[in-house]
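Letters A, B, C and D name the chains as they come in the text, with residue numbers starting at 1 for each one.
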Amino acid sequence: MIDKTFASPDDALHDVADGATIMFGGFVSAGTPSNLILALQRRGTRDITGIANNIGLGDLLDVLCEKRQLAKFIATFAVRASGARKSLFEEQYARGEVALELVPQGTFVERIRAAGAGLGGVLTRVGLGTMVEEGKRTINIDGADYLLELPLRADFAFIKAYRADRMGNLAYRMAGRNFNPAMATAADVVIAEVEQIVEPGGIDPESVGTPGVYVDRVVRCDPVPVRWYG
Amino acid sequence: MIDKTFASPDDALHDVADGATIMFGGFVSAGTPSNLILALQRRGTRDITGIANNIGLGDLLDVLCEKRQLAKFIATFAVRASGARKSLFEEQYARGEVALELVPQGTFVERIRAAGAGLGGVLTRVGLGTMVEEGKRTINIDGADYLLELPLRADFAFIKAYRADRMGNLAYRMAGRNFNPAMATAADVVIAEVEQIVEPGGIDPESVGTPGVYVDRVVRCDPVPVRWYG
Amino acid sequence: MAGLSRELIALRVARELREGMVVNLGIGLPTLVSSFLPPGAEILLQAEDGILGYGAISEQDFDPDLINAGGQPVTLLPGASFFDSAASFAMIRGGHVDVAVLGGLEVSERGDLANWYLPERGGGSIGGAMDLACGARRVIVAMTHTAREDRPRIRTRCAYPLTAPACVDLIITDLAVIEVRPEGLLLTEVAPGVDAAFVQARTEPELRLSPDLREMEL
Amino acid sequence: MAGLSRELIALRVARELREGMVVNLGIGLPTLVSSFLPPGAEILLQAEDGILGYGAISEQDFDPDLINAGGQPVTLLPGASFFDSAASFAMIRGGHVDVAVLGGLEVSERGDLANWYLPERGGGSIGGAMDLACGARRVIVAMTHTAREDRPRIRTRCAYPLTAPACVDLIITDLAVIEVRPEGLLLTEVAPGVDAAFVQARTEPELRLSPDLREMEL
């Protein structure tokens, strides 16, 4: 019998080692694997390369800065142009203590999808003529230039879904999908935090957002309360 | 009020002109827009470039060969290696009366997706070292070769879903999805044949397979009975 | 002081929107546009985090999984749908969003947009701005006409790092409505109490005046 | 006549499958494998048309939307899921399918596979074969050992157009089980009533004999 369930977030993270590259699903408050992030903080793993859409915007990832667990972050939104408040990440970034690679959001998810889909790269016009094109190859097709964007993979993906079965099938809820389905395809070990676990068949086959083949570990957790990030 | 419903397949095809490039959703018997295909046959449109996964395999597309409406077909499966039976398409292809471009199935859908997603192309290893690589650019990344596969678009996409609302939101049923969602993104005019039309909100927002933005015309039809293609 | 409030800029932007359009509203000022949509018209608001067809911002119930791209709780309209980020940006990049309303730091006379990075603060983030600027069929920039000390935001060339080159179609500010045309910038409307000379004095490149130049209807 | 029936080839293929594996069965002989899966083991069958977790072929009710890649009606097992073709081939191409069982016209000694085009008939179709051959973690070819007139299908080089180069891991025929190793082909099992010399006589490249060479257990 296939059984991918784990008893606790801490158990599910048992082999996350220093230096790991970790993807985190979530968009601000939506679909964020908060319990896994808190377990990663407890675990104290260091020199992490983090990959997430955002950090320090109602996503709990900023807690990984409390003990300087992050060496690098790849994100689309991490440093605010307005200085109204500063996250720990922003402070550490300003002091040069953590590296940051900013990626346009559509390119970010497309690179992750490419890794999961076995593509060698994708061509996009997004970023042409901007700082984003620095260091990248340009491919010309019929007179039009495109940036060659390469796949983005990780050792681990921490994702959040609403419901799972023991086979790892996941169902999402509303805008909680976001980067979770793509990240589930692009990491060696995929760990999913969910609010409910049901028997196989308890998720309508039409409503499976991530088929179980992509998920290695499932852990049921009560959601961490989050406030409106306004 | 947005209302994309049309009274009949024939009405929905009112501007399909000779020489049109048309995508057809469907995989053998699943999710095939049979009523739209029959309307296209009635309409008598000629010099069509057809794009579909398969032709002559329980998909009704073979009827377009009865009056030689097809000039070219782009498919993954169209001519059988075994000669047990022959479709009209196979006969016309053998006589050189219709052109055929064969594409690996994953590359086929990825090219369609690229067109819909605004990508300039994708890199894949599928087809390397085979007849499929002829005439294509090879891109080397870190010592590995990839084929550059270009986007595939059409003037029209004829697709099939189970349920629609007047805003063009579509819900699919089981393996009836197949190429329909990707094709819906990659044509100038997208015409959907459905079995049911409901009020907006009658499709759970979690279950919309193709958001209405992609669909131009919706027509309700009783499904054409199909037999097991065995 | 002359010029529209943020709310009136948003109102003027909303006048550009028609039934059936798919519209993405950027963070900040553009978000306000959702309060001024033409009543009864079915306009589909798209949020990068994977919603098509959201409605008003909800001040009461906060559901962490039902937010717009700025993290604000929203409501759903009938006919809404959810999808993942890959699908959301396929929609944006693939040209399926009719209008993107974006904030701006600077716009150049050829329609280059800079709106993501403030060099003097050493900070900024891209988010979905580059994808929207490249992918939307029509890009409207909504911003104040000038920065501090009346420094023009509409420039011959942008000094700030670009979001995308030659992407802006229409600029709507507290002072004016300006179209980006192949032959240059065309002033089509001025705010109440403002004239063309006042706008030109606060704009770096030369503005051509529309033969139909008129005061904004608000 | 020596050699296994098609059903026994399928049975021997099924012995390669373990609980939890994701397996794609090609059209034709490989489809038969679904009848011989180890009882009680949860093996997930993937069909290109967008199903993970289908079960037996259904002879009774035909639902046109519930078919495998060969167009045959199938049943669903608990824990199944549906997805579109882009997702299906992302799964295949991205290395998420553990085993693909494919038919073969020819396999070369370095594991090249030809299985889609018959030059003498001037016909053939690709379908999902190239994606599966490139993308699956392990490729098992199930075929008869020889074509008509005892012409070997296992060749030094394939004469037929390739499906993919160097993609085959294991060959299971009516006569033998042969591993494709970096150093060449390794004969590990022979069919009941058949010996290594019999197999070699019907195989173009030289076979190395496994020190554990044994008769197939069926």
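Heads up, the rule we're going with is that a residue touches a chain if its C-beta (ideal position, glycine included) is under 8 Å from a C-beta of that chain, and two chains touch if they have at least 3 such contacts.
Everything numeric here is computed off the predicted structure, so don't read it as measured data.
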item	value
Common touching chains of chain D and chain A	B
Interface with more contacting C-beta pairs, comparing B-D to B-C	B-D
Averaged-CA centre spacing for the pair chain D and chain B, given as whole angstrom	28
Length of the line joining the C-alpha centres of chain B and chain C, rounded to whole Å	36
Chain A and chain B, separation of their C-alpha mean positions in angstrom	33
Gap in Å, rounded to a whole number, between the CA centres of chain D and chain C	55
Numbers and ranges of chain D residues touching at least 2 other chains	82-83, 89, 92-93, 134-135
Where chain A touches two or more other chains at once, by residue number	110, 113, 117-119, 124-125, 172-174, 205-206
Contact pairs between chains, per stated definition	A-B, A-C, A-D, B-C, B-D
Touching residues on chain A, where the partner in the complex is chain C	27-32, 53-54, 57-58, 75-81, 83, 90, 94, 102-107, 109-110, 112-113, 124-132, 172-182, 209, 223, 226-230
Touching residues (chain side chain C, partner chain B) in the complex	19-20, 22, 42, 44, 46, 52-53, 76, 78-83, 89-97, 134-135
Residue ranges of chain B touching chain C (in the complex, touch as defined)	1-2, 113, 115-119, 165, 167, 169, 185, 199-201, 203, 205-206, 208, 211-214
Chain A partner contacts - residues on chain C that touch it in the complex	47-51, 62-67, 69, 71-73, 82-86, 88-90, 92-93, 105, 112, 116-118, 121-131, 134-135, 161-165
Chain A to chain B touching residues, read off their complex	110, 114, 117-125, 139, 141, 144, 146, 148, 150, 172-174, 205-207
